[in-house]
Structure formats: structure tokens, C-alpha cells
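The structures considered in this document are given below.
The same subunit A turns up in both complexes below, where it pairs with subunit B and then with subunit C.
Take a look at the complex of A and B:
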């Protein structure tokens, strides 16, 4: 890489930081249009019920009410990214408490909320299933009687009742491989339902123009998924749908698919006025999404010298009332259930089951946190039985470049060994930890891998008249800093300062297609397209400069700040500025300079290597990044409370585009993973969610933040990317829960198998141990 | 009900229903949308504003109860279009990610530093315990407050 790429490897303040600090950033719920109405939802009081009739007359008679919509106003089909099993509003049946059934548009939010309760819906209550066991019981009531007829893009089970998806993968000799093991450990692990708790609740503003086009500003991770859902769910041609991302107040996977957008558009259409729909926190928690809870039976076998030989996993996910991303989450979870190790014989089997609860879907880590909690906890149990240091055991079996992943994809670069050695050194791993009276301290470790290339992305870079450029990708910055990082990558390819690059607001009217801000994919996947687009601009700049300077293009070089010069001739008269070139292109020769880039992830699975059934084709998901964490915890023996004292988190960014932003991702993801490990759990009584508030759902605050989170950014360049980058947004969350659990084990001698490790659970285990 | 109050140094007269919260009055009547509604129950601090210099959760305060008082919102912290020292420290420390909690966080930090100009890290932690953030893990938030304290010290 030439030194011209000076914009990479620096940590400038993010582009939008000042407007956010000033309180002037516009989130969807801050936006106002003339004549704007406010939306409110009526949600189902029943976990499972047939809808017999609607009566909106009382609501419509209320002063200030402008429109009421129900499923009768749906003009399109069913939606769902993998199986089309739901509608914009409950249609025919409701399948969970809190499911939106009707919506009202009114002159104020207060009127809309009041009037929503005046919409009368006649229900016939049906028996419901609250758990996987109830859902899979013989003769269990079915959530989706017509499941067999639904459109799907994965091989679903037939006659499976409430079984939505069943996936299986076998490597080597599968479970027969345990005959090579000297030691086998087995256990059942349980994981709770984690809520995203993005600070900004789901928010949408929808407005139709006189020409019939609708513009939707929303808090989303993907303007193109919103557009596709509006098209499928309401039958509106894509030519009539413009989706724009306002500033987004966090997503973490919860806004990867459509949320309130369809309802807002239905209301705006019926009321013939702009409608803003902003969910309250309890509505968001009751009606939207969470991370799959479930159970995992895991078995691992090793030779006496610590060589891992076999692993078997059987997992069950509660998927809730609608599929959403569940079949994909299950597939990804199984892909990571082998762990980041060279285990030759593997059998993984997973199920996702419909229940009468809110939908469980995408959430930072996407199935990997569950698999890694169980698998990485078990590696420590195995290490103890083998009498081998848990870091040593991991390093011995760590996957390396050239090795193959479950599914058959080849690992192109791996820093796993380096990450483990880094946290061992930084944490002073073998030093005993002194604890205050009544407490015990211990250190735990975990290893992690996660993907960062997924599906397709495009980019357009345009040279502007003054020699600056604008980059347009359609990628939504949900707070992680991608606007800044992608601008840096664009600037680097053109030798510009970041101030000379503007980042276009994601808008389906102008942006090239981009799947979404998911799967840690933006830096790698969108960055690929940005680099290609910028290089296309660079080639055109050189063509112009060659003519203007009367020399061969091969003799030209970029100079910092937007200039092209003749190499070896530093004088000013042997160079032209981007502005000069822009002027020539716009007014004399060639026309506007525009470059485009287009990238598709394609890394086919190998059915000879891994035999699979029932899984999604994950050849569009590739490139793994690796990391490791060491965590010191303190356990209060009187209360069972676990506190994270310090964490060391080493994660491979391939090449760090913006080291400061990567460190921030590590801090935040570790802390979110700490919440998953220690306190966060949505709880149901039968099918009723009982803690839908920030008062009752406890995620880490300032008092719970560790004293120190040491972010260690590794840089092992990824050979498949022109800039060598990888994504790291999810893996620091994935690694946290098992590292914390292993630290609790080290401190107490307990081997806990259920998260969150609430004080009650830890204390009960301590008391039982005696 | 008719109320008068001072918001960011300007006298304002408002006519509001008795049930209207200060947060609603600021956001809907005054178009001051910096303060956010994230939990609507006084847990998360995203709606924090200053009433006579004291931080309050604007979602829990009725507008009619602050008549005659002096309200400062995130929009009123800077002067002449410039960010305040605390706001700038949050930018420079890299504390801001999605930004939704940041108005409340910065207002809380501003009030805190006004009466404790040289805080320890533990004091910063305690002072911000009423402001939830889901992005940062609080590391750079604490850094930002420490940086602001350093820049504000004589």
C-alpha cells in the first residue's frame, strides 16, 4: 500500500459527532411535516386468537381521528425475509400478546393512543403454546396451519407441526468420531432472551407526494429491506417507494428487517396525510424482536494430549410467532457450533420452533452468542479434565489460514492464535487475583470467530466541480461509524483528506443496492465496492491528467489533497488539481466523472466436505475474523452478584481503517455481551411478557461498567480484500458471555450452564455446592 | 393552562394541558428535539434537561410545574453556534456513537462538572448512573467527562 492512503489508520471524529453533541441530529421521531398526523397501535391482548370482526366506528367518531387501519387495508401479500408468514397487521389470527392488530392516525399522539383503544376487535381465543416443549407436544395447537403453503427460500420440514426449521450438518465421521477421544464432556446449556434495547424505539415518518409516491424516513438498518417489504407487503411498485434513513439511534439487529414502516404507510395512505409512528418503550419491547432463547446439548471429545477430535451439538431455539430471520439465525448458529477449532468429526443439529411469543430474530452475533456460550464454556470444562491450561488448549486447536470451516469454506486469514496470546500477555493470565473479603475473583477466557462478508453492495463515487468527491452506498450508519470509515476508504483511494469526501444520506432514490447494516459486513463488503468505485474515478482522473500534462498515464501519481502529478517531477507545473480535471470533464472533454463499484459475496459451500440438510445456502456469507477475550470477575459470596472487574479483548480488524471506532465497537459490544451474561433476560408468565420496561429489564449502566475494557486491535490483513480489512462489530459480544462464565468458574469452582448468571442463580449454585 | 418559563435564556409563554410533560412541551411545542424519549419512565436519562441548573428527567416533570423556572436543554449549552467545552469533549473523546442518549448524557455531565470540577473516575461513574447508553460501554463517555474537566480547569 502506498503512503498516499493516509486517510486509513486514523481516528478522526466521526462525521456526524458534532451534530449529535449539539442535540441537532434528526432522528425519525424528531421530524415534522406540515399537516403531519400521529400514529398509534392497538395490539393483541391474546397470545393466540382468531379475529372475528373489527368495529372502528367509535374510534373514527372521536374528534381528531383521521384514519383507522386493520388487516382489511392490506393491499399486498405476506412478508418475511425467509418464509412469508406475516402481514403488516395481524390477519385472520393474532399469534402473540402485543402483536399489532389495528392502528389509528390522529391529530396528536395522545388522541391516537386513546382512539386506538376504541377500536373494537372481536376475538375467539385459541389455545396457545408458551414453550418449545408445549409447541412440539403431540396435538399441540398450530400457529400456522398453512405453513406448508407459505413461500420459503429454505428447505423447511414437512408435517413438522410448529417446527419451522430443522438443520443438520455432518463433518468427517460425525458422532462416530468420538471413538477417537480419550476424554468426553457433555452438558446442556440454556440461554435467555435478550432485548436489543436500542435507545431509539422504532420510529417512522411516511408521506405520500401528490404523484402517488411515498417517502419513508425510518429508524432502520436497511433502506432496501424496508423498500422490499413495502413492495411485498403493500403491493406498491418500487418505483413509487422512496426509503430514507434518518439518523438511527442504534439497531443491533433489531432494525435489520421492517418494523413500523408498513403500518405508517397504510395510515398515511388512508388519512391522505403524513403520519409519524413512534413506539413507546413498552410497545417496542412487547411487539418487536429479541434474541432467541433456547437450549443446547453439547458434547466434545479430545485425545489425552488435548487434540480435539469430535463435537456434537443439538440445539433448540424458541423462534416466536413469526419466522423473521430465524432460519438464517439457526443456520449461522450451527455454522459456529463447532467453534473456531480444527475438530475433524462434527455433527450439529438445530431446530427453531414457533411459539406464541414475539418474534426472535437478528441480534448482534446472529446465533453465534448462543453457540459460543455453550461451546466455549465446554472447552474450559474439557481443559480442566485434561489438566491443560484453557488458553493453551485453545491455541493448540485454533483454526489457521488454509483450514476449512464447517461447510467447507477455506479460512483466508486467522489471527486466533495471536489473539489468544495477546489476551494471555495483557491480562497477566497466571497471576493470582486477590479478592476483597467475602468475594472471590477469577479469570476466564474465550475464543471467537465471526463473519464479515455478506451478500451484495454497491457504491458510486462522483467527482464534484471543486475537486471533492461524494460517495453514495446506501449503507446506514446505525452508530457504529461506517459513514466515517467508508469515507476514509474513499479518501484513501484518491489521496484526499476526509474533509474532501462527503457521504450521501442513504436514499433508495439515488443509492446503489446495499443489503443492510448487518453481519459485521459494512467495512468489508461495502468497503470493497467503495474502493472499486474510487479506483474507477482515479482511472478517469489519470486519463484526463495524462492529456492535460501530455504524458503517459503510467507516469502519473496521486498527490495528497486532490492532485495528480508526474512522478519524479514534484514541481507544481507538473501537476493538475482534481478541480482542474473536474472543470475539464464538466465543460470541455469527457463528461462528469463517476465511478461505480459492485460486490457480491460468493464462497460456495462444499457438500463433499460437510453434508448438510435443512440449512440455508450460506455461500453468500463468508470471511471470518477472529478474536479472544480474557475477563476478570468478582463474585460476592453473600449475594451471588457477579461484577466484571476488567476485560482484555483482542479482535482482528484485518487492517484498522479507524482504530478509535473499532475500539468503541469493542467497548460497546463487550458491555452488551456482559449484560447478556449477567442480567438481561426477557421473562414470560405463560405467553405474557412481564418485564417490558427499562425499569424491569436490566442492562448495564455506568455503575455496572467494568473498571477497564482493554481493546486490543489486531491487524492481520485479509487477502481477499483490496485494503485487507475485516469487520469486528459482533464478535466482541459473542466472546463475552463464555469468558465471563469461565471466569465465574475459575473464581468459584462452579460450572454454571445457564445465562444470565443472575445473583439468584449464582447464589443458589454456591449454596448447593456448600 | 398558561405558563411562562425561560428556555435557554429566552422567556416563553405556553398554553398546555395540565397533563403535558416538560419533555412533550419542549419537543412538540418548542421544536427542541435534542432531549429524547427513550424509556418514558425516568430510568434512562435520555430526556435530561436542567431546571435552574439541576438535571431532571423531563419525561417525569409536568410542564405546569416548572412555570417561572429556568430551563436549559442540550440546544442551550453552546454559545454563538459553537459547542460547549463538554459537548466538544464528547466529540473529541469519541464518546458518541448512535447519539440518541447523548443529549441527556452531556446535559448530566455539564451539571455534574459545574459543582464538581475535578472529579475522580468513580465520581464520574456515579454522576452518570442515571443515563443509560447501549453503544459505548461507557468507556469513552467517562473519558469525555474527564477530558472536559481537564479543559475546564483553570
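Take a look at the complex of A and C:
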């Protein structure tokens, strides 16, 4: 029935494109309420200090100041998605420079910022740990003395000091499998800390109604995570919390968990007035999150014919002062450390360690970029030693449908081989590249897999009086286009045009539960629920139509634009419109037509297949999409600068709901991955972040992006999804750094093991090589 | 904070003289950012936006130029009359930050700020420009080379401001080139090299070289230029000149590169800048 699925596979303009292009989109920081106050933070000047006392009198005495809050105003418990180790504001101790300690609400932002500095906090400075090595040293100062007593949802190490997580997985004969290898390569890889650099800094508006209910509009990836954190962190029952997402100017994982919401609610409660809190860029960079920096020792063994037989990985992540998503990031990183290959013998071991730095948490790729940079760089080293073409080596070992992933989940569909062949053909892989004088050019490749099904999602589809529908999922579009794609999926199930579908604003008052816009999950996971809900509406439409047309429901068909007709009878008198059906349901028979869908990812791991310890239960994370990227780079031998000339990115969308949006995702993710590979790195001197500004922290802009990022969208339908879709939001980032690094190797003969590949590092390596 | 918008230079100078804590506001590209970062807290801003006499580019009879302090980087970058050796200034203006910044930032503001990592100081030194200074008592002129005294420190005295830049007539056949190396387009330079070069009969007949981001002020050394003069810009001459310039440099370690790396770039970018200028000469 091609008609009824016509809304899928097209690239209509984003639903919100016009308002964004016109500058009319309403972000949290744009919102204004009568009597609204402005919030500002006071943050810790110390990396590690005991808080001895607060004195807010000077701040409160300042004209225009309405409220000051500190940890003494916290009415709930500790928060944290995996281990409850932090509070809305630093309580008892501060653990990183930039940690919010107090906040002020005042009549203007300028007054609030000024008054925040008048809040006097007496500290007793404590010794701090700036690195993993310092944190793990014998007798190191502890960040969390009471770690053993914290509530956790993962098996944490006992008596581990600052060691927050230690996870391990063994497949096959583990490291004993190296005895089957003819060639073994081993190396240590280092990855830097990347900042999310979403265009919109953290922002929130909180307002209490007279009945004591608080409404929170915020820049978030999950209204339900905000609600849960407000409940846990401030003890407010969920009946009294309404969370709404305004337009969100990017998230990339940085807004997956709560950010400024608790502080804004505390201020609004104490000031008895609405409070808007918008962080400045430097506050956002010093107080929020970043990607885990770390070190990975990787060892891979192969037979002489290129068959991979064993891999060992030992990774260490700096997790910063609070756990946030770190235990999950570590688990996922280890799950991807084997790579998308059929390696029979695997041993992966990882650690995440508390240090006195900002929180390292969720970030597009979620542990996979680190693992893939190391693992995929090493595959190229192996290919060189084996004398096998890097793409050929990858195709030979590529995981296929029916194979099992580390952990034991079965791969339901894989286009990895197709993706590798696609980039080989598109990039004209074997053609030598001419370089300008003083430069060298080369091509590199990387394979990638990433997940797209995660936790639970719901959807409600309602038929409206005029025969249109409204779909409500609670999923937040953070700029990637999910409002449009989910509307297309809803429209497709009902044979509607996208204009006949409204997408409800994410609002915890009305939306079914949805975990969040993370893990590339929305298209697959939320799409599953949307399809189910729309199909439930369709069944009711057919019941009504059967009665109205006096025929059996089996004889009915959907017709485009919102009509149900009798198969084989195209005449207008043999069909009814959705509007007619709506009228009948609302005013005569049956009542309102509403359909709901509910989906939970469940793909249990197999302890017989892979022995694990210390990891999260990853059975709620499943369905992998595959891809490959080839990149041509130019290395300036005089300066060491690396320029990406062109990229070819083939990714399997299962079935492309909105090809234009997928291409945009690929362009954006590749460019962000390019920044990770080449220029982006937060830097610290001891525990002080030295580059918290866009003047000093540099990500690629339009001038750095290659003229052509060739997006190749593959469609190998995913059998576990009713529409065959997969998500591809993260993998073009994951595969960027290793492909670029491999291209630099091809161009120069260097084997670099640390990103970002700054010009200085590349030049020094070139000179050392001679 | 008070805000004034006078329409004459004299009125602006009078306002500045009346309040030692007041600052002149040109484009604001840097000053407003510094105010936002709480690095400066002026008691008043004296906007120069409506001072017409600061807004002109005049070609002098001898072939040089007098460029008003309020000329934006964008206008400077688009000034087709700046060719030959003075091309170095036009190129430097074109490499400042991004279009938005170039549209508001001004020549006078950038000069008065005296940031050695910014693009115009080195270019102006290479072009042998002069800085016209207007003060409450008198007007004076200081050679660009002497104007930049230390990091963010210039020859400007309290109450004074930059009113114009003059560019001299460059030697016959001279070509200017600004070679900038930054982490990304629009970033501050890790190192930059400004060159004005003339060749005669295959030999260097005129050269001025200034380095940006190589020390607290633009780095220019007579001996380096002497080594290049009369040479065919062979590798030895370029290497020797670069070594002299590097010796005089005192770069810092920062997020844009280590001091060591910056010194490594000196010969590399000098060679590139000279080659580019020679190619155009």
C-alpha cells in the first residue's frame, strides 16, 4: 500500500524551519512572565573545599535582590541518574572550580550577577586531584568519602577510593585468544575533553502557580528527566511539577540530565516569583559538562590472512567531580571497544575515576568515540602490517545480521559491508591524490556501529474534529528534526499529509513518558510507539467506516488525505472522510478516537556468551546501525595543520523517514567529529579550566568544513521495527576522528595516537619521524 | 555609566578630558567584550560613531593614505586603492575574525588596544605606518613601530586617542603580503608574518617584515631585513633572517600554541610570506 506510506521517504521542510529562519522561535531564554526575576549563580573558586558557612546578608541588602539560595534551601535528596552523588547546589563541599554554590534572584540580570558575588561563603580549601593518576594514587584525597553509602543502580567498586566504576567483559577465551594470532599490534591512545558547544547555553524559566504547582520551561533533552530530578532533588511530588520544553538550541548529550532547573525552581520558590536563569557561555563551559578525556590501551591480534582473533582493551576515563552518566558511558564504551567485527576472543576493562574537574557525561557517541578512535586507528595499523587494504580487512571481518555483539545480543540487520563498499566506490579509494607543494594528501577509513533503541517511549494519537490528528510523545526536538520525522511516521500510518498532523509541545502534563532525546533513539524507539498509536487510531477509524459504509472492516482501505474507502470501489459514495468519522465518534457513537502506543527496549544480554562484571544492564540498549566513512585530508608539512578535503559518509538508516534530515545529521555530526579530531580540547592547569570561551576553545566553522561531506544514506530495513527504521544521529561523529587519523597516516606515514591532532602535535611528529 | 555621542573630535576629547575614567568607544568589538567580562569598568563611554572626521580614507598627493580611526575592518579590507606594499594592511584587515566582527571593529580601536595577537599591528609596522594621536593638548604622530610599547600597552597617554593611520608611499614595485596561521579561520593568530617586499633584477631591493603573536609587540629587526636585502631570497638568506627574528621573539605558551611551536613557525611562515610576496612582485 504505497499510498498510505507516502509521508515517509520525503524531505518536507522542518516544521519549525520557518520560525527559526525568521528568528521567531521561542527558546527558554526568550520567555518572559509578569513579575519575572532573573537568576545568577555563584560558583566555587576552589577545586575542592569544605563549605564552612554562608552569609547572604550583603547580597540580600542590595537593592533589587529578592532571594538567595544555597544548599540550605535544598528540600530533597541527592540526585544523579546512576549514583546519587550530587545536589542542586554544592552541599558540604565543593568539588570543582565552577560548581554552583549559591544563586540569587533579582530584578535584573545585572543586579543578580552583581549580588551573586556579594554572597559570602567561607571555605576550607582541601587538597584536590587533577588527573586520573593523582586520583588513584595511594592516599589520594577523596572526593566522596561516603561513596559506599550512596544509592546506586550499578555494581560499583568497594573501597575503591576515587574509583567510581570498574567494568569488565570477557568473550571467548579473552586474552588467551592471542595465541591464535600471527600478528599482534598494541598501542596506547589518548583522547581530549570535548565541550558540547550547543548554540544555546543552559537556560530555564520556573514559575509557581498559586496552587503550589511549578511549571518549568527549559532547554533540555528530556522533560521527564527534569521532572524526575526536581522530584528527587527537591522533594516535590510529581503532581506538583510540570516540565515543558521550549525550542532547544542543541544538546548533544549536555542537556540529557538536569542542568539549571533545580536552582531556578529553588529561587522561584523562595522569591515567590517566576525566575529565569540563563547561563553565560563561560558559566556554561565551567559549570556544565564535557566528553570524557582518557587513555586507552588497545591490543588486537589477527591471523596472517587478516582474520581478527583477539582484542584487549584497558581504558581509563576521567569522570570529573560527580558521576552523572559516567558509569553508563563507560559501559557503552566497553560495549563498542570490540569494534563492529567478529572478533571471537575479547577482554575489555574500563575505569571511570572521580577528579576535581567538571562533570564528564553524555556526549554524542557516549563513550563510543573514544573506543572507536583507538580501535579503528589500530585496525589500520594492523592492515598495514598485514599488507591488506584497510577497507578489505574491515569487510572481511565485518559483523553481519545474525552475528552476536559483545554482551550476546544478536544483530538483526547490518549494512556494514555495504557501507564500506559504498565509501570505497564513492571516494575512488585507490586513486592517488595529488597534493599542492609543501603538503601531503591521503585517504583514511573507519567503520562504525552505534545503538538506536533505548529504554521506553510512549505516544498518543488523537483524532480531531476536522479529521486531522495530533501526536503527543513528549520527545524533545533539540534541533535534529524529530518533530518532523515523527509527524511523518504518524501521517504515513494514516495516509495523511504531514500538514494534517500536529505535533504536541513536549509537556509532562499531557505527554506519555519518554526517556529523552539521547542514544540516537527517537526515530526507532519513539517511532515505534507513534506507529503503534497511529495504527490503533486506524483500527478505530475502520470500525466506524465499516458501520458507516455498511461493509466488513477487511474490505476497507485508507485513501490519501484522510479518507477510508471500500477496496475496489473508488467512487466517492463508497468512502467516508476522517472528519465524518470524527463527527460520528464525538457526537453519536463511540466517543473520541484516541490511540496509544507503548514501547520498551528489551534485549537481554547473555551471560553465557559474555561474562561481565561491574557494568550496567545494557539489555535496555539495543539495535545497532552501521556505517563507514572515508576522509581525504591534506597535511601542511610546514605547520602540521590538517585540513579535511572531502568526506564520504555512508550510514544505514534502515529506512529513511526524512532523507534531508538524515543528510543534515551526517553533515553536522561529521563536522563535530572533525572538531574532536583536530581542534577541540578543553585544557586545565591543575584543576582550573584555562579555555572556557569560544575565543580560546575552537571548533570548526563553515570555513573548516570540507566543501563536500557526501552523505550516502543506505536503507537496509530493520526487521525489529514496524517501519524498518534506524537512527544515525551519532555514528558520523564516532567515525570521524579515526578516519581522519587514518588519513593523516596515509598522507604522512605517521601513526598518531592522541587527539586532537593539533598542528603542533602533527609537526612535532613529522619532525621526529624525519 | 554615562554615554555620550559627540559629533566632533574636539568634543569627544573634551568629554574624555573631563572624566579620566571615561573611555572612547569605537566599534566596541573588543571594548564591549571586555566590559562584559568585567575586565574594564569605564565610568562613561564616549561614542565616536558620529564623529565624521574619523570616517574617511584620503589618498595623499604623494600616493600614501590617511585612514580615519573609525574605518571598519570590513571597509579597510574592501579598499581597492590599498595595493602594492600597502596591500599588507588590506590583507590583514580581511583576516580579522569573522564578517560580523569586521563590520563593527575599527582600525583605530584595534590599534589602540595593542593586542600583539591581533592582525593589524604587525601589518602596520611592516607597512611603516604612522599613528596619528589626538589629545586634549595637541595632535602628534608616532611611527607604528614605536607606538606598540608592550602587551596591551601603547604610546597613548590618558585622554588621548587614535585619530588616523597614515600609510606611506611604498617603494616602486613593492608587494605586501600578510601570512596568518591560526587554529581555525577567524581565530587569533598563533603566529603571523607581515611583509612588504620589492624585487629588482631578481634581488630584494626593499623589505620590511614584522611578526605578530611573537612577543608583547610586533617583532621587527633591522638585521633580519639587512640579511634579505640584496639577496635572491635564497633558502640561506631566509633561514638566517628567520633566525634573527626568532632570536628577537619572545612568544608565550597559550591555547593557540606553545612558545616553542611559535618559534618553529617563524622560518616556515616567513618563507611562505616572502614567496607569496615575491610571486606577486
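Definition applied: the second predicted complex is superposed on the first by the 767 of 770 C-alpha atoms of A that agree within 3 Å, B and C clash if a C-alpha of one lies under 4 Å from a C-alpha of the other, contacts with A are read in each partner's own complex, and residues count from 1 in each chain.
The rule is simple: a residue touches a chain if its C-beta (ideal position, glycine included) is under 8 Å from a C-beta of that chain, and two chains touch if they have at least 3 such contacts.
Quick caveat, the model's predicted, so the values are computed rather than measured.
In the superposition on chain A, A:759 contacts subunit C only, with no contact to subunit B.
Once the two complexes are overlaid on the shared chain, A:247 sits against subunit B while remaining clear of subunit C.
By the touch criterion defined above, A:30 reaches subunit B but does not reach subunit C. When the shared chain is aligned, subunit B and subunit C each come close enough to touch A:695. Residue contacts after overlaying the shared chain place A:641 against subunit C, while subunit B stays out of touching range. In the superposition on chain A, contact is made by A:703 with both subunit B and subunit C. Touch counts on subunit A: comparing subunit C and subunit B, the chain ahead is B.
Counting contacts by the rule stated earlier, residues 695, 699-701, 703 of subunit A appear in both its interface with subunit B and its interface with subunit C.
Contacts from subunit A toward subunit C in the complex involve residues 282, 638-639, 641, 679, 683, 690-691, 695-701, 703-704, 758-760, 763-764. Within the complex formed with subunit A, the subunit B residues making contact are 19, 27, 31-41, 43-44, 46, 73-75, 78, 83, 87-88, 90-92, 94, 96-103, 106, 125-126, 128-129, 131-142. Taken together, the subunit C residues at the contact with subunit A in this complex read 37, 181, 183-188, 190, 254-258, 261, 264-265, 268-269, 271-272.
Of all the residues in subunit A, the ones that touch subunit B in their complex are 11, 13-14, 16-18, 20-27, 29-30, 32, 110, 196-201, 247-250, 252, 278, 280-281, 478-481, 660-661, 663-664, 667-672, 693-695, 699-703, 705-706, 709.
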